[in-house]
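I'd like to ask you about the structure that follows.
Chain lettering (A, B, C, D and E) follows the sequence in which the chains are written, and residue indices restart at 1 in each chain.
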Amino acid sequence: MAKSKYHSRKRKQYAIPEPGTTPGYVYIDEKSLTPKITLHIYNQDTYEEIILDNLDGIKEKISDKKYTYWIDIKGFKSARMFEVLNNDFNVHRLVLEDITRSYHRPKFEEYDGYAFAISRMLRLDPDESLWNEQLSFILTKNTLITLQENYDDCLGAVRKRLSVGKGNIRIAGSGYLLYALMDMVVDSYFSILNVWNERLDMIEDRLLDKPDKSVMFETQMIKRDLIAMRRVVWPERDKMNDILRSDSNLITEQTKLFIKDAYDHCVQIIDMVESIKEIAATNIDMYLSIISNRMNEIMKVLTIISSIFIPLTFIAGIYGMNFSKQDPVTGKIMPQNMPELYQEHGYLYTLIIMGAIAILQIIYFWRKGWFK
Amino acid sequence: MAKSKYHSRKRKQYAIPEPGTTPGYVYIDEKSLTPKITLHIYNQDTYEEIILDNLDGIKEKISDKKYTYWIDIKGFKSARMFEVLNNDFNVHRLVLEDITRSYHRPKFEEYDGYAFAISRMLRLDPDESLWNEQLSFILTKNTLITLQENYDDCLGAVRKRLSVGKGNIRIAGSGYLLYALMDMVVDSYFSILNVWNERLDMIEDRLLDKPDKSVMFETQMIKRDLIAMRRVVWPERDKMNDILRSDSNLITEQTKLFIKDAYDHCVQIIDMVESIKEIAATNIDMYLSIISNRMNEIMKVLTIISSIFIPLTFIAGIYGMNFSKQDPVTGKIMPQNMPELYQEHGYLYTLIIMGAIAILQIIYFWRKGWFK
Amino acid sequence: MAKSKYHSRKRKQYAIPEPGTTPGYVYIDEKSLTPKITLHIYNQDTYEEIILDNLDGIKEKISDKKYTYWIDIKGFKSARMFEVLNNDFNVHRLVLEDITRSYHRPKFEEYDGYAFAISRMLRLDPDESLWNEQLSFILTKNTLITLQENYDDCLGAVRKRLSVGKGNIRIAGSGYLLYALMDMVVDSYFSILNVWNERLDMIEDRLLDKPDKSVMFETQMIKRDLIAMRRVVWPERDKMNDILRSDSNLITEQTKLFIKDAYDHCVQIIDMVESIKEIAATNIDMYLSIISNRMNEIMKVLTIISSIFIPLTFIAGIYGMNFSKQDPVTGKIMPQNMPELYQEHGYLYTLIIMGAIAILQIIYFWRKGWFK
Amino acid sequence: MAKSKYHSRKRKQYAIPEPGTTPGYVYIDEKSLTPKITLHIYNQDTYEEIILDNLDGIKEKISDKKYTYWIDIKGFKSARMFEVLNNDFNVHRLVLEDITRSYHRPKFEEYDGYAFAISRMLRLDPDESLWNEQLSFILTKNTLITLQENYDDCLGAVRKRLSVGKGNIRIAGSGYLLYALMDMVVDSYFSILNVWNERLDMIEDRLLDKPDKSVMFETQMIKRDLIAMRRVVWPERDKMNDILRSDSNLITEQTKLFIKDAYDHCVQIIDMVESIKEIAATNIDMYLSIISNRMNEIMKVLTIISSIFIPLTFIAGIYGMNFSKQDPVTGKIMPQNMPELYQEHGYLYTLIIMGAIAILQIIYFWRKGWFK
Amino acid sequence: MAKSKYHSRKRKQYAIPEPGTTPGYVYIDEKSLTPKITLHIYNQDTYEEIILDNLDGIKEKISDKKYTYWIDIKGFKSARMFEVLNNDFNVHRLVLEDITRSYHRPKFEEYDGYAFAISRMLRLDPDESLWNEQLSFILTKNTLITLQENYDDCLGAVRKRLSVGKGNIRIAGSGYLLYALMDMVVDSYFSILNVWNERLDMIEDRLLDKPDKSVMFETQMIKRDLIAMRRVVWPERDKMNDILRSDSNLITEQTKLFIKDAYDHCVQIIDMVESIKEIAATNIDMYLSIISNRMNEIMKVLTIISSIFIPLTFIAGIYGMNFSKQDPVTGKIMPQNMPELYQEHGYLYTLIIMGAIAILQIIYFWRKGWFK
């Protein structure tokens, strides 16, 4: 049944800090996953992928300046891991808190020796609810660390491009890799928007064919998801802008040209979000006017039938009255009581009058355009 | 049938990149057209038009500084062509990607040695759907390259002005040609707005004469197209502004005076778009209030007829009851059972009472203004 | 009939350039009027008015530095006139195009040796449609040229003040005259707003007395005209601001004090436009709620009457059934068939029950507040 | 009757200048009041109040630098008075015009040797219409002139504070007095907002108890007054800001600290206005949904009663038909005509069937939740 | 009963100053509470808590520079206390007024030697009304004074962290303590938003299951509280920003890093408030469309039943008429009067015709989709 579909919809859950906990407290949820750590070591010529159990001694593994390193961390269930990030990479505790509290808006912040960025990965579930996950970046001179809560993500294409050694990605350093991943995330928004766009088109078709209640519900659900996406894209755009205006040496001028492109994509997406929202609003307006129109039609049917037959029934009722021509007891003749009943063509004339009334009404309603 | 008209409407299709493709990848769709290339060579005195098969060796053809060159490219099905643009004109791969992904907002970007701009050509189909196509410009010192996906466009008037040698266009160089083409595109928006304006006027007339469902649908369709146009005109205005504030030597101060004029036109169009949108909203509001009013009228007819005849029918029903004056079996006389039936003028009095009730009700409804 | 009033309403016609015409092309419509040119020559002591046929030799006529000159041009049907403006006053062709394309927003632009400004004159027709005409100004050191398409305007009061030699206007030069004319135009907006304000008050009275469909139509018409006025006033304010911030020597500091006052008036008008728009929206909201309320009342009447009489009619129908106490053929007695009919007070009891039902229902509806 | 209340409401009247009058013309309405002038002379130690008939020779009366002077003018019917202001205080004619045209927005302007400010006094009439009056200030080194059209105002508390010699007001000069009066005006807005807030709370209570049409009207009236107040408060805030940023020596740094406080109050009031407006909108939304709900209830009553009794009446109608078992003329027996009528329990069975139908329908409607 | 719940809701009461009281007047309400003063003395190593009766001699108690001091004041009923603040700490009278007038927006102001800040503590009552209380801060070099009207607050967690000596809070001085308390307040907003979010989810479930009137009321109540929260959070964000941009030496650079974090939280909350507001609006839209749909269903039931039975009842009425085949008095035979009644299968044919009409109508309504 249709209802259950909406009921089963996952609700957004914000992992909100217990008010009053120490700022900078690294919060590790009980249900969080054991970390899977992959270390990608590459330069123009070579590419190697190492699976790590933990980050201990990571500093030595990434010390060779000839390579660029990507530490790809999935799952947060290791206090030790954050310890290492704090000690070896000098990452501020507030940054670590931001990574583990996974409800942050996209942002870009520069710290002493590293930069910190957040992107939000959006994904449509098969049942069409929107998943919204945080991807955190720590960027140093030749290393990029990415952190995400779950094992699934939408970054497969970038990993592949990296391993097959295609183009810029192997040459342009950790800043470019940061860009490539962020751009990947932004590009995935386009696909989601396209799904919604198509669903709205289908809803519009249903609107014109046979609109029902689900039109309203489905459009509202899309609208709600659009609101969620908008909350992500605006700060995403600001983030790109912050990177562009940053004078950090972690992002080369060359890479900024690409970031500019990603910035344009964000603007494009904001544009599309607003347009699709307006189209959704249009659908709802149309649906409401269709309901009103339908009500009018229902009322017309009722009114036409009632208006025609109620007067006729009244006439029939008149001649169904039992006023007596003759008193059954005394036998007195009362010729004024319903003389029509005793005329030879009384019945015929009555039928003719009824027909005439009905026809006049039909003409009246016809003229009013109620049969259209 | 009316419905099919809306159904047949072409849906906007965004040629969205496969998420994860390499940035700067020149995407050539399978359905794209074989390029038609026209090289216009002109100065104040001479004008020549050469049809080219490809761009090979183009560099030599446009080397004479005495002339201005316009390379007019229609259709993208040639990877080689983009290769030449990249090599001979030094056009950045991201720019080439922007040209082939034809869903970009109008923009103006300066690069080393050339400038890149995008305009969007809008066109109303005979079935009144809005076509939205991208026109890309690459501007160098004395050459303008324009690129568009389809063979049709709205630039015929400019080509003619160029060939007949009218006015500024032959003297003022490639920057002015860029302006002339952009201005042409913007001017064509006026015509489209005028079509919508007239259609809204016609819809308004229908609203006052005999409003029906199509009023709602057609107004909403125009509103949707207005949303699409607004998405184009705002960045178009920003683009003009970017050109005005640019200190590139590709655009002379003289040409900027004209660009200022085109900028004013954009503002004018934004203004008109907003006004027409508000008029469309007004039409929809009026339509909804008309539906409500009509419902009121339908209900009034039903209520008047029901209220008058239902009580009368009840009275007729009363005297249609069979309470017996005399028990048919025992012959007992029961004088209290429906004595009215056996009075000499019972029928007459009943009719008079019924008439009085009807007249009282009519007076009541008249006073309430329901017959107005 | 009411409808025809709205039908006869003039529609706004934008004199849109044919897309692709040369920029700077001076467009003279066939239906434009033959120019009437008046040259006002004045200083503190003298005032003279000369009717001119054309602008030939105008340069000499206005060469004496002791006077201020106002060239007041009405009607555009003279290509020669624009020629003179171009040659003698050095007016740019784009400016001339702006003058003849009479759909421009108010603006102020400084050129080499002169300034160009546009105001829009608004006027309410007797049938209450809004006329919107362009007034163009060319201001030089001691001369002001005004250009308008039609012979009628709202500048009579300024001409009179000039001729009777009252106050500042004769002393303060061409810049002050520009201000006086612009201020005149802005002041006329106040009167129009007042007319609308009064009409809305009248509509509100009707709303409270006896609202009908015309309330909606008339309010929407005013709203639409307000939108048109807003499109004029916002750029008008910006224009005043541009003049204030201009460092042109054509406008003295003394005059700027007055321009500041006109700027305040524009802000005032914007304020009033927004307020009146909100009041119009309020009227529409009230009207819609009144329609809903009225529907409720209609439904209440129908429901009360139907609910009372339909059950009673049913009871009457019961006792109108012909179940036989005695088989007419066999003469068999069936005492269980409708024994009520043969009881001495059956009719009376039935009437009493019917009355009781009716009273109970009336009490029920009374309690629900439906008779209020 | 309720209507008359709204009808009697005073309408806002803008004293709009006749278009085309000379700028700077001091307009004195015929109905304006004879001026009452009070001269307050005070310093830390002494306080004196002098009633003046006119402003002649005012310059000498306020020449002693040891005192601060407040010239408190109520009523404008004296051209001579404005003459004196123009000559003795050097007040610009445009300023005088602003004082007499009493529809100006709050503003603060600095002139040579004096500053000019406008506040707007709002007041709720006993019949709850909003009065909106202008209070103009002319501030010089040690003198403050206030001008208002009517004798009533809301400044009594300040006059009292001044005369009883409480606190800062006697020490801090004319700038502080300006502040004290402006702050007084702003504080009075809080009281008005509180009245509206309480009325909205009362309306909300009525909404939950027994909503009627007046809910809509009263809420809309408050909304309209809120719009009027908003038009006043925004420029009021800007005025405070202009004073804060002014480097005039008429306002001491000490006083600016207080102005900052008044600025905060304006922001507070803007906040409250917006909140109360949203609450008003919420009330209207609720009212409309209540109307819809009520319509649903009315329709349910009608539908339940009609649906139950109409079929039953039909059945009764069936057995009220007169199909004959025996031809009255020929005496022919027709056993197939309405045999039910001649069965021993025909009546009983019919009643049972009718009851069953009614019960089934009641169950159906119950399940649909229509009795809730 | 549901109503009483909304009725019992506490209304917001603004403690508005009597217009005209002296600015800087410290207003102490009669109902205010006797102050409870706690002096926290701490540094990295020691922590001590002293309960004070009044602030007399406080200057000496906090003179040792080795410690940081927090003076935690609850309840305002002591004019003497404000006296001390004014004299010993040099707090401006306007600041003291702001503290006692507890309706101020969050703000941060720097004065000579101290800074003044306001936060607003929000709290959900068990009956779900929103409490909104003011928390004022006075920050000096090594002392923080907090002032609040009531004894209850949401700062317990910070007091505990301070006493158990956890982390930064004991080391980083009075500026950090200010941050910790402000951050605590902001964090508590998250919990409130979460409650509303969950309630809206529950309302949405009810919407899909069995929507009733309370959906509207409860959603509107949440919306109203959201408006109240928004009024708090926007200035809260600005306050954080003011602190960040302040160059006061009371806030160290180290602490600003944390303030930046709190700023991000404010932005997050603004975001959530807007989203939840949009979701609330969506719920209301859905509810209204559900009401409309339900009305349609009710009308359909009425129309189907009426349309089917009213014509049938009419036919039954026809054959209930008493047109006579034979004059009861004269015995004249009138064969044209209702011959159907005397035909052998008249009754049967009539029933068949009635059945056919009913079936045709059912098919008609089925096709229209009314049974769906």
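What we mean here is this: a residue touches a chain if its C-beta (ideal position, glycine included) is under 8 Å from a C-beta of that chain, and two chains touch if they have at least 3 such contacts.
The UniProt protein names, listed by chain, are A, B, C, D, E = Magnesium transport protein CorA.
Because the structure is predicted, anything quoted here is derived from the model rather than measured.
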### Query
Using direct touches as single steps, what is the fewest number of steps from chain A over to chain C?
2
### Query
What whole-number Å value describes the gap between the mean CA coordinates of chain C and chain E?
40
### For chain B paired with chain C, centre-to-centre distance based on mean C-alpha positions, whole Å
25
### Query
On chain E, where are the residues touching two or more other chains?
292, 295, 299, 302, 306, 310, 313, 317, 320-322, 338
### Query
Could you give me the chain order round the ring, chain A to chain E and onward?
A, E, D, C, B
### Query
Given the complex with chain A, which residues does chain E contribute to the contact?
154, 156-158, 160-161, 166-169, 179-180, 183-184, 187-188, 190-191, 194, 197, 201, 205, 208-209, 257-258, 261, 264, 267-268, 271-272, 275, 278-279, 282, 285-286, 289-290, 292-293, 295-296, 299-300, 302-303, 306-307, 310-311, 313-314, 317-318, 320-324, 327-329, 334, 336-338, 369-370, 372
#### Entry: Residue numbers on chain C that touch chain B, as the complex places them
3, 6-7, 11-12, 14, 16-17, 19-24, 92, 94, 98, 103-105, 107, 210, 212-213, 216-217, 220, 223-224, 227-228, 231, 284, 287-288, 291-292, 294-295, 298-299, 301-302, 305-306, 309-310, 312-313, 316-317, 319-322, 325-326, 333, 338, 340-348, 350
